[in-house]
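Presented below are the structures under discussion, each in the form of structure tokens.
What follows is a pair of complexes built around subunit A, which joins subunit B in one and subunit C in the other.
Entry: the complex of A and B
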């Protein structure tokens, strides 16, 4: 299956196509161990990855999936064990070596420099271009590659202004232009809207048919079953089992992932509608709110919502319908062009997030490290950012005890409260921000796709804790999500958002799923 | 009046060239995320180096013009090498950039005195004649044009070539860039070579052209003046070159207001005050542009903690 070797017209990029025998794995990981201070992240992990296969890596939050991918990509150096590419040892392991061996790591948050353009970001990684090559030289290449992937992108666009999906397209362009043979995909699909996700899987299948190997990290079991040829399940840094296609079984995999512990203990609890008195005053009220996105177009067009105490308002819609902007307006991070925002009857329109948060409103966003956490600070210090009592003389020591308590209560896997937020696994970062905001919120909570990077068990435990807070403490919640199932499971009242407008508000007990689905895509 | 104008144009041109070259050199250095606190020491050192090189060269080569030309290039090359060392140390050592920068500054001051005095010694032994570049209209126009070309070159390299993309990327997020397989140390070494050459050339022209001689302490604080120009021009070569016009004008003109009755304390502070005013003016004019934004990782130590 040798396609092209050497130069392609108009570019100096190598397109290496190798002939793989089906017996020799493209990538072989043997007995890899990786320790971090206080954590055994990988415990003698072995894994074979063949060319022409999509191999899914499943495991609960913090089980070591990303660490394994980073070891293969040369970002972390393993303490023990070896890695072979096509039978040859990969050593010494550095990102450059891995790239030279045709390995490309597609991380959850794109490895791109926001202030550079698309072309500049691509050029940065192309090793066949020397320091004196012109940026212009690769522009054509970028345009062609974007077409090839099926998602046109402006090569001059500043990357920081692109959507998440577009950024991942840029990453894919890099992978393809580098002549990648082994693609490591870390949770990327979790953040893609459904339609894009399907296109992405098509693309992965194309790579597979070209004889490339794909390691697909996810914690969505159904998706893994759908696209993978084999599935490897990890738990607490160990490989539990590798399954062939014919062995795929959702219950079996779930059992392997969670060791059967706890999953059934968290059944979604009953609804809280009966606790709401009809004429209670709204805690959160938006009246005819208009707001623009970064490029100045209206992202919200006359949004009207109200949420009473002890009520969860679910807002569902396909991605890009204005959800992010709505959540930012609600927490005071985005200014409103027209309309009013009332909190407990007090007008807080354009008063900023300080006022809103001081009123006791918490915020759980899909990208906590962007909105509400500082990656360089420790967990305790991140707690201190939101705790208001104690002021400047707040004792870090007492806060550290509180942090430890919260870590236990919410099952956050980290070495200690002193651990920097950025070294937590993706799911644990999310768990931490959920924990902090749930503890902090006194009046209301705004949640934007809060369960994206959580595994099944964490999702259930989050939802049950959330409901407890709502019932017991009378919290009001705006729960924004792209998943209709989740919104149906969580909410008391459901609103559909489409193109920046609220299309209708329904009682969870009486609404039909089809009605909501229709409004979402209308 | 004519004489005054003539004097003004000539001094302005020589001040302009020095601050522009050094300011642009600093922009190239700091765009890669390394705080250039060594600038004043290294500038002073290059001013001394130029003098000593010129004496040595003049004793070897009969053509004075050639000797000075070679000294300019040698100073630029030496400063480039010193800066590449500065950049590498700033990248590989687990020490704050502030500490390394200040060390280079003081070492630069010390070496400047030693190097200059060595030059003096050679001079007293050999009694050579140095053909300093005299500030004529011809030399001013020629050097001025060369400076503008150099600014253009810096701009192109920083914004139109991969070299610049690498430098700016490293200045934004060295950790991320190293994770995608780029050698951060190498990139910063290159930016040190390039930026150092600019700074060295500026220092050399300061001694061999603007001053035309060397004395103890020569060049002190002029590195900081150029630094102010660089920052006021947002570390963006064309803007640095623009800001430098006003700054240099203030520098050569304002002290002469003394004769018009301005107290000396005010007139010596004038260039600094001008630079602050310019920074305020430019910052109110400038819209948020990705080309002008500060390098995100400037001053942050890059020690490969992640490579564990």
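Entry: the complex of A and C
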């Protein structure tokens, strides 16, 4: 049914052209509807997925991508509609049923047990689906697969100590051992460092050449165009259109995703601020700051930065260069071993987050459900932790009204302020934190990879609101990101971080991209 | 070396049994049937007398109500601590300290002399002072492991278990020493507190005291209000669900832990004080020999069964007190029926055990999946 024209010489993967015959798809979704209290997450969705294709699912935040994947994977039961695997109806009532049909869902946050080793984790999953496998076999596979993806892993290592990439590799191993024929990848790639991401694409292409089907969920259009054979665009729970490769066109896709909705308005808004008064006093100043990571190694080595009012300092570097620790020091979560931290001229070194927050510093982090929100509590409660009026007593009514107002202002999609934070779509969780922190910040904002799970429009809207606040209210911003493009787009001043050191500080208007790139990988 | 770990993970998909009342009734029923089958197989007790006993337990609610009230107060104390991930297994010790505080005020403090008059006002002041000091001592007893946890990161659990024994010893020391009674017919124990310092019996419900009923309601309602309508409650909930978010929002995790420890200990102390003023009237020697009724431990079960949800405290307390009461009655009715060597106590435990296991398992599997991993 599928003809492969490409060959894979010497591990190098070329695009495999494919021809669909009229035969049955590997997976067919027909008219699936899924409602949550107050939300129609999927509205009569139909989709075909063929063996040997990478099929990208694109859509703005909250459009229903993850929900669709979870329905296919048996995590949610659809209210209406049907799913067929190779022509046979699948009534997934549980993830186990889906797995037995060769379907594996790779979630955005790895679903592993931190206290157990890699091998134990893999074995545990296999056993619970009735697949027996020897310890030795699994260990060998762990080593082999990890090498394939380019991220070596010790099979005896505790999963809690692994990096994000490595954890996802472990998930992929589970998928491979369970005999997966249909792999659903939910936004994993947005969290991978660029070098790993390319290896990951190669891996997906290999799966494809083995005749497997991949559903790649993303909201990054260029990524989809680069790797996918077909693209399906979703909007508000509906499938808008499925495009063949020859129809791929970034503007067309963008239009389908956002329906032109406000996108141009955001881009039109001047996205740069060029009015820093050189002699104003620094709002945030780090002097020779040294700090260690969890294992006691220095993650920051003599960091020196300063940010003035109305200034955005972009800090760029490849992942794992000390960005996370730097953001933690700035918000007062991590103490420093040496050096000083001045906020508005006041020494706040190791004074904790209370002093920093009291000064009006906002904080947007890359993992909102870890750093900023409690997934089990309601949106109102999560809002009230940072924004509330009055003292010791909370008026739930006015807090919930306030939450609703802020959610409307920032276009956050959720059934109600009573909704638990964890049921929001990935992008909406991020938008919620951004909204809360932008509303809170009076003096400064610390942002660590804030746009990862945001769709294009949300990124633009975030950046434009941020710039507005900077211009209007004189906010100072430390914008830490792995994306050089983004840092170039946002910042007034750019610093490069590499191995815990600041390699240089440049004026955005005069610096050359190559200079920064070189410093990042030096 | 073989290492066995129990792995508990949050469930993706819900199980079939969702509703808590169903789980509750189902567990009771399973426990009943299982224990009846065992009893029937061993001694052939006829179903009629078995189920009449059960029915009588349910009907004779006054005995139930007494332990229900104390388990509600103590269960709330422990539950609020659980909300903030403070594992208060020391309620037993805090409860004993509450007793000590109460008897001190009504018997040995200067207050007792001033207020020994029989007028209602001074008696009320005396009782209130006794209850408050009991609460304060309970709070202190819980604060010590709390401070140790906060400043040294040593877990509160072993320290609290140790402090329960220290509380018993302290009580025994006072009872046998400085507070030893004169009118005790030779027993080692304190004297009885004066009539005017005792709590008020509710006419018609001899096992109940007005003050205890009021306290149970006040405690339950105020903890509910604290959790849902105050900043402190919000902080406690974040402490229990995501302490990192609490810290990054500018709050001191340690202060919240200390507050939770204090509140929890205060309520447990309060319960102890009321027990002494309302029921025991004196301190016995060897108080650790079950003379506290082990309420402080039993209440852990209540809090645990309520799964960090204040609304389930009362249902859980009902289950636990009904179980102990029914177990006791079964024990009585089986006496004489059993062949020598088999104790009636064993049967009551079978019933309690089965019911609790079924209840706990269904509630756990409702939200979590549990697996066993063996590492060689």
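FYI, the second predicted complex is superposed on the first by the 465 of 522 C-alpha atoms of A that agree within 3 Å, B and C clash if a C-alpha of one lies under 4 Å from a C-alpha of the other, contacts with A are read in each partner's own complex, and residues count from 1 in each chain.
Note that a contact is a pair of C-beta atoms (placed from the backbone, for glycine too) under 8 Å apart; a residue touches a chain by one contact, two chains touch by 3 or more.
What you are looking at is a predicted structure, and each value in this text was computed from that prediction instead of being measured.
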Discussion item. Quick one: is A:335 in contact with subunit B, with subunit C, with both, or with neither? Answer first, second, both or neither.
Written reply: neither
Discussion item. If we overlay the two complexes on their shared chain A, which of subunit B and subunit C does A:377 touch? Say first, second, both or neither.
Written reply: second
Discussion item. Quick check on the superposed pair: does A:147 touch subunit B, subunit C, both, or neither? Answer first, second, both or neither.
Written reply: neither
Discussion item. On the A-aligned overlay, A:128 touches which partner chain: subunit B = first, subunit C = second, or both, or neither?
Written reply: second
Discussion item. After the superposition on A, what does A:163 contact: first (subunit B), second (subunit C), both or neither?
Written reply: neither
Worksheet item: In the superposed arrangement, does A:386 touch subunit B (first), subunit C (second), both or neither?
Response: second
Practice prompt. Once the structures are superposed on A, label A:75 by its partner contacts, choosing first (subunit B), second (subunit C), both or neither.
Written response: both
Worksheet item: Who touches more of subunit A, subunit B or subunit C?
Response: C
Worksheet entry | subunit B versus subunit C as contact partner of A:120, first or second or both or neither | both
Discussion item. Just to be sure I read the superposition right, which of the two partners does A:354 touch: subunit B = first, subunit C = second, or both, or neither?
Written reply: second
Item to complete: Could you give the residue numbers on subunit A that contact subunit B in one complex and subunit C in the other?
Response: 75-76, 94-95, 113, 115-116, 120, 124
Fill in: Residues on subunit A engaged by subunit C in the complex (per definition of touch)
74-76, 94-95, 113, 115-117, 120, 124, 128, 331-333, 352-354, 356-358, 363, 365, 369-377, 381-382, 384-386, 388, 391-396
Worksheet entry | Touching residues (chain side subunit C, partner subunit A) in the complex | 5, 7, 9, 12-13, 228-234, 237-238, 241-242, 244-252, 371, 373, 375
Worksheet, complete the sentence: Per the touch rule, the subunit A residues reaching subunit B in their complex are 36, 73, 75-77, 94-96, 98-99, 111, 113-116, 120, 123-125, 127, 129-136, 158, 160, 174
Worksheet item: Given the complex with subunit A, which residues does subunit B contribute to the contact?
Response: 159-163, 165-166, 168-169, 172-173, 176-183, 190, 290, 293, 296, 306-308
